[in-house]
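Each chain gets a letter, A, B, C and D, in the order it is written, and its residues are counted from 1.
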Amino acid sequence: MPGNLIGERFVTMSFGESHGTCIGAVIDGCPAGMPLSESDIQKELEKRRPGQSAVTTQRMEPDKVSILSGLFNNLTTGAPICMIIWNKDSDSRTYDTVKSVPRPGHSDYTSFVKYGGFSDYRGSGRFSGRLTATFVMAGAVSQKLLRHALGIETVAYTKQIGSIRLEEIQFDDARKNRYTNDIRCPDNEVAKKMREAILKARRDGDSLGGIVESVTVGMPVGLGEPIFSSLESDLSKALFSIPAVKAVEFGSGFAGCCLHGSENNDTFYKDGDKVMTRTNNSGGILGGLSNGMPLVIRIGFKPAASILRPQRTLNLVTGGEVELSVPGRHDPCVVPRAAPVVESMISIVLADHAIKSGHVPAVLNG
Amino acid sequence: MPGNLIGERFVTMSFGESHGTCIGAVIDGCPAGMPLSESDIQKELEKRRPGQSAVTTQRMEPDKVSILSGLFNNLTTGAPICMIIWNKDSDSRTYDTVKSVPRPGHSDYTSFVKYGGFSDYRGSGRFSGRLTATFVMAGAVSQKLLRHALGIETVAYTKQIGSIRLEEIQFDDARKNRYTNDIRCPDNEVAKKMREAILKARRDGDSLGGIVESVTVGMPVGLGEPIFSSLESDLSKALFSIPAVKAVEFGSGFAGCCLHGSENNDTFYKDGDKVMTRTNNSGGILGGLSNGMPLVIRIGFKPAASILRPQRTLNLVTGGEVELSVPGRHDPCVVPRAAPVVESMISIVLADHAIKSGHVPAVLNG
Amino acid sequence: MPGNLIGERFVTMSFGESHGTCIGAVIDGCPAGMPLSESDIQKELEKRRPGQSAVTTQRMEPDKVSILSGLFNNLTTGAPICMIIWNKDSDSRTYDTVKSVPRPGHSDYTSFVKYGGFSDYRGSGRFSGRLTATFVMAGAVSQKLLRHALGIETVAYTKQIGSIRLEEIQFDDARKNRYTNDIRCPDNEVAKKMREAILKARRDGDSLGGIVESVTVGMPVGLGEPIFSSLESDLSKALFSIPAVKAVEFGSGFAGCCLHGSENNDTFYKDGDKVMTRTNNSGGILGGLSNGMPLVIRIGFKPAASILRPQRTLNLVTGGEVELSVPGRHDPCVVPRAAPVVESMISIVLADHAIKSGHVPAVLNG
Amino acid sequence: MPGNLIGERFVTMSFGESHGTCIGAVIDGCPAGMPLSESDIQKELEKRRPGQSAVTTQRMEPDKVSILSGLFNNLTTGAPICMIIWNKDSDSRTYDTVKSVPRPGHSDYTSFVKYGGFSDYRGSGRFSGRLTATFVMAGAVSQKLLRHALGIETVAYTKQIGSIRLEEIQFDDARKNRYTNDIRCPDNEVAKKMREAILKARRDGDSLGGIVESVTVGMPVGLGEPIFSSLESDLSKALFSIPAVKAVEFGSGFAGCCLHGSENNDTFYKDGDKVMTRTNNSGGILGGLSNGMPLVIRIGFKPAASILRPQRTLNLVTGGEVELSVPGRHDPCVVPRAAPVVESMISIVLADHAIKSGHVPAVLNG
């Protein structure tokens, strides 16, 4: 498959460019008989919409979704669901230099080589963070399917910005509070410090990276198709598709690698009929298969590459070195808007696996 | 696709069980006209062979490969290459309890549920680390193809065991020295400390985890198929298929997420005709595409789950809690044998992408 | 993959419903640097447009295409190309009975069962012949790519209507004359008889089937991926996706099966440097691979299932038998409008194979 | 995917060469908990085994299957099932000329070009009819799965040899009698005439083609994934993968195309609770979906290309024309041995679709 498709039984295709006519997503393989409306999608889109705060880009996009196919009487039909957002507030003028002067840390140079100079470089084209709105459209359908059919729910939030880290948090608190501030960190005190760090970076013409943590509850046992489509395999593949992601870990992650087996193993016990583990260092996955405990994933986002502060780079046409300052309406930190994107990509993968393993019927009951 | 296949144009299928008749791999999509012999495969298999040292399992397997198809006059033909290792030293007696008493941290419980109790549980069956020998068989072919057609070479080594970490190392030193000790750490002094930590864990009836680092040189620009088959996406998918892997990061990874853009961005310059970056915090990947700099990846392995030290678990038949001590010939630390497996999985992905993007012709010149 | 995707490296996704908001196609995997405009697509759409003649449906659709993504400066960029047609002249009133009274020969009954009654039954929804316009959109891009990069051209025409059959015809005549009449039969005398047969069937409240023949010239040697993706395999898969197709044969086809090897084998000779065969009973495919001779395929279309003449069927709700007369604006014979659809599906497959086998570069020269 | 894989959830990979070490098949995606033994496979292999009659090749291969993986306690485990046949009676001497002098009607020329002269040409290598034994191995597993889980059964038989055609036959007679003679034609009188025609062709140093007909009963309603994975699409793809197949038709096929809709439409009625059609011109498929009626397919096999009678061809090295007489142990007609191969390919497709659409659970009950 070319790169704009993900999934095998529940397939998402993304299309569109940052500064083109529109951006969109098509889902093929959604079971028939599921209630779905544009407001289901819109609700999720609002969570990642730009222009909402001082810590994000000032591009003002209404990001209003239209569902073009796949629905009949407000129910899915089993046919492909095409969803689209028409681009409104695209300002292409500031991107003209990008064509020949690649921004450090950006896709400009590699995409120029791969596509022979023919790619749409305006606003990074296909490589723009704006395309994550297409992930959220597909993610909204996936989340609805998972909730509707299986009671699965994914909750992602800002875990770290720069060096400021949220300590362990209860799932219910994270779920309830993660959208109470513009940092999407469920602890408002921590969020305040994170905001200050981001604003300072912005003032300095700089950017900051961070970490999103995600917890998924309601998991059945046995999702995943070892060896090569283990749950970690397919989740990481989807998460590394999000621009700026450079690190992914499950459960105790890298820290768990410094431990002994006796410390890191999760021992089994029974809670009524349900098999549980006392700790969850595995992050809910054993042998590449879900074990029924919450999925716990942390995803590292590098600092945004576009910064005002001057950087050395090349002019690809002249071959000489130049100094580049990237103006424009960039996010000084992409993490606050990444939480709904992470929730979406995880849900897209889980929906696919749930269908593949027979946990979701081909037809729902309307 | 079910889970035992990886790749799209250069496809690897893995089959066999730890204590069954054999283990094997079939590659479909290898270009015709490449010299290949069993010794090419055997050489790589030797690197991960068990029974070579006090720090690994004492299971003695000769792991002698036979190529059953796809060769004619010592050259590939374009037909599927089936490679097989007959199992010799399988001791199934010690695994009888596994059937009903799942080992903490292992796939026993999840595979039992997923396959309805029908999976071959002897020596963990399909979930055994032994199956990584099938990755190495396919990896050996991939590595040969990448070297032969493109001059790409991947070098992986032990970066950390428990809390003992190898500091930054020159690529040439890593390449030259990584197999000079049984820890596969290119610095013999560090390796000595790592060995002591592993042996202490073994004496304590315990295990240790660690980190493998991998560097790939000779990369062309533009491998990767954004959005969803970005190079990070497909590499991480393959790496998380290795048993015990719980974390993957590229370039500066999680640490880079604490930095500012001005610190983490790699600035471009020219070295003769070649576009380079002064630092390599991106790990050789920008926008999901290779940028020609070395690929740098770190892969975290959890401590081996099978330990002699008693642990609490459940008897799935009686439903009661029991204490379990896992005897048998387990690796106290899987990291020393993981380096060739990591090299293999990375090479399998790069071979597939190199073919997909047209960097490797359909027919080589013999 | 779910059913609305075809291809592996050059992938087409079809979406939309006959009486929904729109119909559309997205292509992922088209090389960058190919000139493309809406008029390239529109030109092909005109060939299958309904409402053009007494022998086709009277539904009047302008079928005006919009390209929503994947172009920049009138060139492909390597990004997905989304193309859309907004539905205008949909008259859903006559389809209300279909819901519970399945038309004989139609998808009504099977789609009702498969999608649990949730499918959009208006105008047959996803099963409508109207969806072949999405094939033509993707086919137009494929044809342009094949012509542009390889000089491949596919020419399809009406070979038989009812019992009236066009005898053997020269390729150049077929190419030149196939659109000179509304039957799309390159011999105007034969076309006249075919038209009479169709009009008689219409007067009788009946329909007629027929055969389309297709010839592709400019083929390179070696397209096809035996065993299971032989050229016949993938072409037939695509052709049987066209509604009403029930038979496909290559070269001498079924008739060749009555012959001896000495009669059916095509002997080789050389025309300058080019290896040719004196006859072309193989239809240009040997061992599942193109041999450089013209591809020759015949595709049988059953008579249109929707007829005015009363037929026995069931009321699925009441369970009783009823008599059904299907009113509406149906084609009395789908064959005249099928030629461009056949050309499209063949081109979609050849584009995919040409890319897979390395005959088309990843980037064209603009 | 490269060409040696078929299926998406129930995947078959074929490997091996006619005159290499072995031939084999691996199935990934077979549900756990199905009883399976080597005798299940062997029984099907016997039906296509060469050397059984005067009408087939005299190559004597025992074709003894070994199952190398995927079974535990005589039940499937959900892991890949690798099956192998070691080649015994391979006589490569007679194939030396093939290297530079391509046989008319054969894959010699096209495979030489595609694989750059590196393919294993001995006995046609991967293109040999012998490889259909790998289809039968996978088909035997598929047939068992379909019978075991769904009660589906496929019965194929010789319908025509040269100009001698079996008239319509009852399904029960076909099932009972098709293996009572070496022609695999369920009518012994017709079989006798067919045998005479084949023997005459052999005496003349020639070969004959023919048609296999296949009927599948026990079909559920709704198998198939329109548009592009319609049941006809995927069945034809699989059937055209069989060497020598040049034509496929469903139900009334090409003949139905000469009819009017009122003649070809199958009217619905109810037999108890089951929806049936009075005729079965659709061959059991409406809208690309199974309708519960028997699948009826006819598959045309061209006359075997290897004939003793001299033919004109080229010497690819010298460039000159030569006369070629193909000696060796060829089938004068492949049709008698094709019936089990057809049954296998149909079953492989139906197993895949049955799993995809949820008609087969992920775990059977042992």
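Rule of thumb we're sticking to: a residue touches a chain if its C-beta (ideal position, glycine included) is under 8 Å from a C-beta of that chain, and two chains touch if they have at least 3 such contacts.
Since this is a predicted model, take the numbers as computed values, not measurements.
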item	value
Contact-pair overlap exceeding half with A-B, pair selected from B-D, B-C or C-D	C-D
Chain pair with more C-beta contacts, A-D versus A-C	A-C
Greatest separation from chain A - chain, by CA centre	D
Whole-Å gap between the CA centroids of chain A and chain D	46
Inter-centroid spacing, chain C versus chain A (mean Cα positions, whole Å)	39
Residues of chain A touching at least two other chains	1-5, 8-9, 14, 114, 126, 357, 362
Touch list for chain B against partner chain A, complex	1-6, 8, 14, 102, 104-111, 113-114, 126-127, 131, 160, 162-163, 201, 204, 206-211, 221-222, 224-230, 232-234, 236-238, 240-241, 243, 245-254, 256-270, 275, 277-278, 281-283, 286-291, 300-307, 309, 311-314, 316, 319, 321, 357
Residues of chain B that touch chain C when the two form their complex	8-9, 356-358, 361-362
Complex interface listing, chain D residues touching chain B	1-5, 8-11, 13-17, 20-24, 26, 28-29, 32-33, 68-70, 72, 75-82, 84, 114-116, 118-120, 122, 125-126, 362-364, 366
